[in-house]
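Have a look at the structure below, then the notes.
Note that the chains are named A, B, C and D in the order they appear, and that numbering of residues resets to 1 at the start of each chain.
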């Protein structure tokens, strides 16, 4: 346990680096939504818009932690033929330089490859150059096998900390986490919200003593949200539904992939700029620490 | 009684694979389970038992089935859960959980339902205990099971349509988990079977274990001994674990979990469809809805659409404890297809004057085909009554040539 | 227990007004009733009790109704006949009579049914006891109650449509009597309530008396005393006599037979229609279906068409013993109209998680309106469950503005 | 009881007279079927056809002893407005000389008039000249009040003896009956049958020792039936459904009342002739007795 806790935040230099100077903008898209080719273009647009890390969703048939927006993205991606193998190809085909985190559910990780357990999946993820994982249905209690495989192949394992996470549980998670911690801004499932939850500040307070980047997600929709959250002390912002909405609208209205990519890029820029503004506001404080 | 595993594991099965936001609620529930259910704090279990008796109608009888016994030339006994309030074993669990939520100070109940049996049981329990209640139900299921939707509404529950996916049970469970994750502080999620994250599988089993507690005593009173075998259908496996729990330690008693063989045990990987719900017989280990268990999935790990003529068995997973008991060789995982279940439905209706749920009919289908291997005294759990299935029976009987069925021409096309 | 009158008379009520061809059968039945039921010859009553327990699910509970008790500021107890196999008290009688027919060496059963509750109970009992069974049912009722027709068919009974008259219960009874008169030597007529010629009213009462036998003991166990009043709906009056029988000698216990007030207590003599079924409250002495009793009739003595929102109360006669007990002042004949019954239906569903039969809802309607006069401990007989009534409830709720009802817009026009 | 038993068969000389020489033909029609005027004509046609006694049905809403044919007649007559009061008018309006027996159910007898019980009905029946009653739902056990009223006003009370009637019950009935005894030819309800039941002979045997005319009914349809039954020892034949069928057909086909009446008359003649032939066959035997 002492051992693990030491190596946790240092598994992969890339993710740590992404948070090193200034606030990290961490957008999410479902890989293959609504089809393989467009999706490649969309992810690349995020980088152009200023992404520091990209969370790539590998769609699972039962996304129990997602709201309607991302559920629909998952359905579109599955209907577009996305599978774990195609996902790894997708990562290989992507022309982006920022670190990529795979967001998926545990069953897909567990089933992959010939031997049961997460190792084959992590091995392949390392091969294609992924930097880490977020697994919403894998709490720290069940994470040992995946943590071990990540350690073996030098990948990070990001955990979500919810507004309800306190005390012992918080410690257990923080001893397992690496890369960054995903601070869930409010209770519920993913989905863009019109205001930012007051629960965020309390969560950041609880995490103040832990020396790992804190990226806040769930419900961030605009540059102003991003600004406020970073000003409040977040090391990064995670944005999913607000971006997936753009993909969904494009798919519904039959827009060209180029047009959608352009809108994604500019939304990304808005969010990144917001984050930067927020960071500026708190620089004195941050330095004081 | 089977053991309670402190870590929520049954061998490699079980566990708590849920979003972090739910973990505190699950810890709180685990603690409440320990105190109220296992240690009877504040007399919880006494209260529960009294309500099961007076509101639910327990004990249900264990009946000697004269004509089946004659037919199979052995003693056949029926555990009559069809007589429980609401018409199925579901109330044992729903009442236990809603009452527990009340003891925990929760102010709101959510539940999922497929065919509507768990939903109606939960709505009844919630009305009885004056708890606001919302039920998630797939839109497809809502359209197929309108009388059950109506019953939930009559009991004062809200019924929320789930439009994602195929709009059936699997999606409804996912959606209820989302609601719980959002409202976890004042809300309890009343899960409908021995599935989901720990402590649900153990807790639901304990609430349902009253079935075998009574049946074991009742068979003893009637025969002076124990049954040679116990048969129960298995969807999620709650009536199954309820019927088995108090026999697990009786090594001489054969336990048969009868799954839905559907139209075939083969699987269409391409279409992501398993035309059966036989997770124990044909599923693979995996993680679904919060637990590691046997599930119907493709080689990638995507969950497959299951199928059964009985909506209540139509689920791609199964309780983790059952998975373990099957691996251990303690429980026999067997299955009966749609045809066999329908025939058994008609047979029991005509021979014994009991119209069983199509789910329960699967257990009788197995009896018909394998009675010779089941010993001298066979106990079959009648998990529910079939009134909910009448439309389906008309439709499905019309498609087949079933000797045991009465001529139903006048009902062609439904009521 | 009320007395058995050797001559089949309850004061001036009762008797045996039947065609001569039936008299020998009725004498044979009277003799069998005396020997098997009253004297327990060949252990008949023990056999009956054992089957009621194991097949029927007796004893049914007497439940303390928490929320009704709160609402009315007194202790309200529910006798839960809705939990009996088949969903109503009807099985107590059907099982008793089919078993008696078996002891008498009869080889065939006929029965009438209105809404189908007695028919389904008889079909279940006949299947259970392996007796061929034919049920007469008016054509109008067949069309209104198709699920019940289907259940009888599933249990292996024939359902014979009766096309005379309005095609409802009254005509079905007459037609069954005709069948009996034709096949009297090998056939027993299982009448559905405490009506018809002696010994039916006394015999059906004795089979149903298990309700009050249990309830009296159960209320005593819970309260240490007897109820101040007992409420039961009354159509023919079998659940009523069953609920009252063991309290008749307890003079301090008020007995309330709640009839269907329908849409009005007035009568349209011209059209031969009584828009209610309140024979005890508004009927006149006369002879119908083999007995002298109170009936709804015009001044000439022609029987009137009755009406109630609940099909099971919709009958122009009533048991002769009840008529006598009302004349004697021992039983209070009261009534609740369609509106009051529907409101009570919704109230009980929401407050207690019990969806009652519309028949039983009448008793709760009376409780709502008169609780202040009913003493500290009130026992209400829940004669059956309401699953059979869902379509009617949708239709009738739509016509009204019922505070207690949930919004049912989505069910407009039925399922 | 001794008193009653003495006066039973002698209440009304007319009925006894009808059976005095040769076999009696006793047809039945529902009064007012399908309407008042036609029905008057039909009943009168029966007399012309040779009726010795006529049973006139007063329709009751629950005719539990009747088969479908007579049930339908009852419905037609009720719809045509027949009531007990109209029935008595009907009897007054009839231009026939043979004795008339009222066949109805007990509730109508019981309810009539101001005081409860059968007396007012019987009194009125006597006034209009009826000779007696058949009440299918009134067994001997319940008949005392009606028997008394009949005695008071000098009317006969006919009872039905079924194939199942034996021993004590038979004695009880035979001690109450007057006019004639209605021998039910077979089990069941009224209705024309294609053959004559073997139960008839046994019934007549059982009744051989009683000195009261025995009229056999239920299912007699043709002259040949009538012949066989009278040959077998019956003192008379009662025919209902076969005649009602003619009324029903007429009503259905919209035939004129005259035409229907003519067919009734000729059917009556056929039956009467059959009965006479049967009587001829048994004369030696009958005289031998």
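To be clear about the criterion, contacts are C-beta pairs under 8 Å (C-beta built on N, C-alpha and C of every residue); 3 or more make two chains touch, one makes a residue touch a chain.
None of the values given here were measured: they were computed from a predicted structure.
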| item | value |
| --- | --- |
| Minimal step count in the chain contact network, subunit A to subunit C | 2 |
| CA centroid of subunit A to CA centroid of subunit D, Å | 98 |
| Distance from subunit D to subunit B - Cα centre to Cα centre, in angstrom | 66 |
| Centre distance in Å when subunit B and subunit C are each reduced to the mean of their C-alpha atoms | 34 |
| Topology of the chain contact graph, where touching chains are joined (line, ring, star, complete, other) | line |
| All pairs of touching chains, each written as two labels joined by a dash | A-B, B-C, C-D |
| Footprint of subunit D on subunit C - complex, ascending | 15-21, 23-25, 27, 164-165, 170, 173-174, 177-178, 181-185, 272, 284-290, 295, 297, 299-303 |
| Residue ranges of subunit C touching subunit B (in the complex, touch as defined) | 53-55, 57, 60-64, 66-67, 80, 82-85, 87, 123-130, 146-147, 150-151, 153-156, 346, 349-355, 387, 390, 393-394, 406, 408, 411, 415 |
| Subunit A - residues contacting subunit B, complex | 60-68, 71-72, 75, 78, 83-85, 105-112, 116, 136-139, 141-142, 159-166, 169, 173, 184, 187-189 |
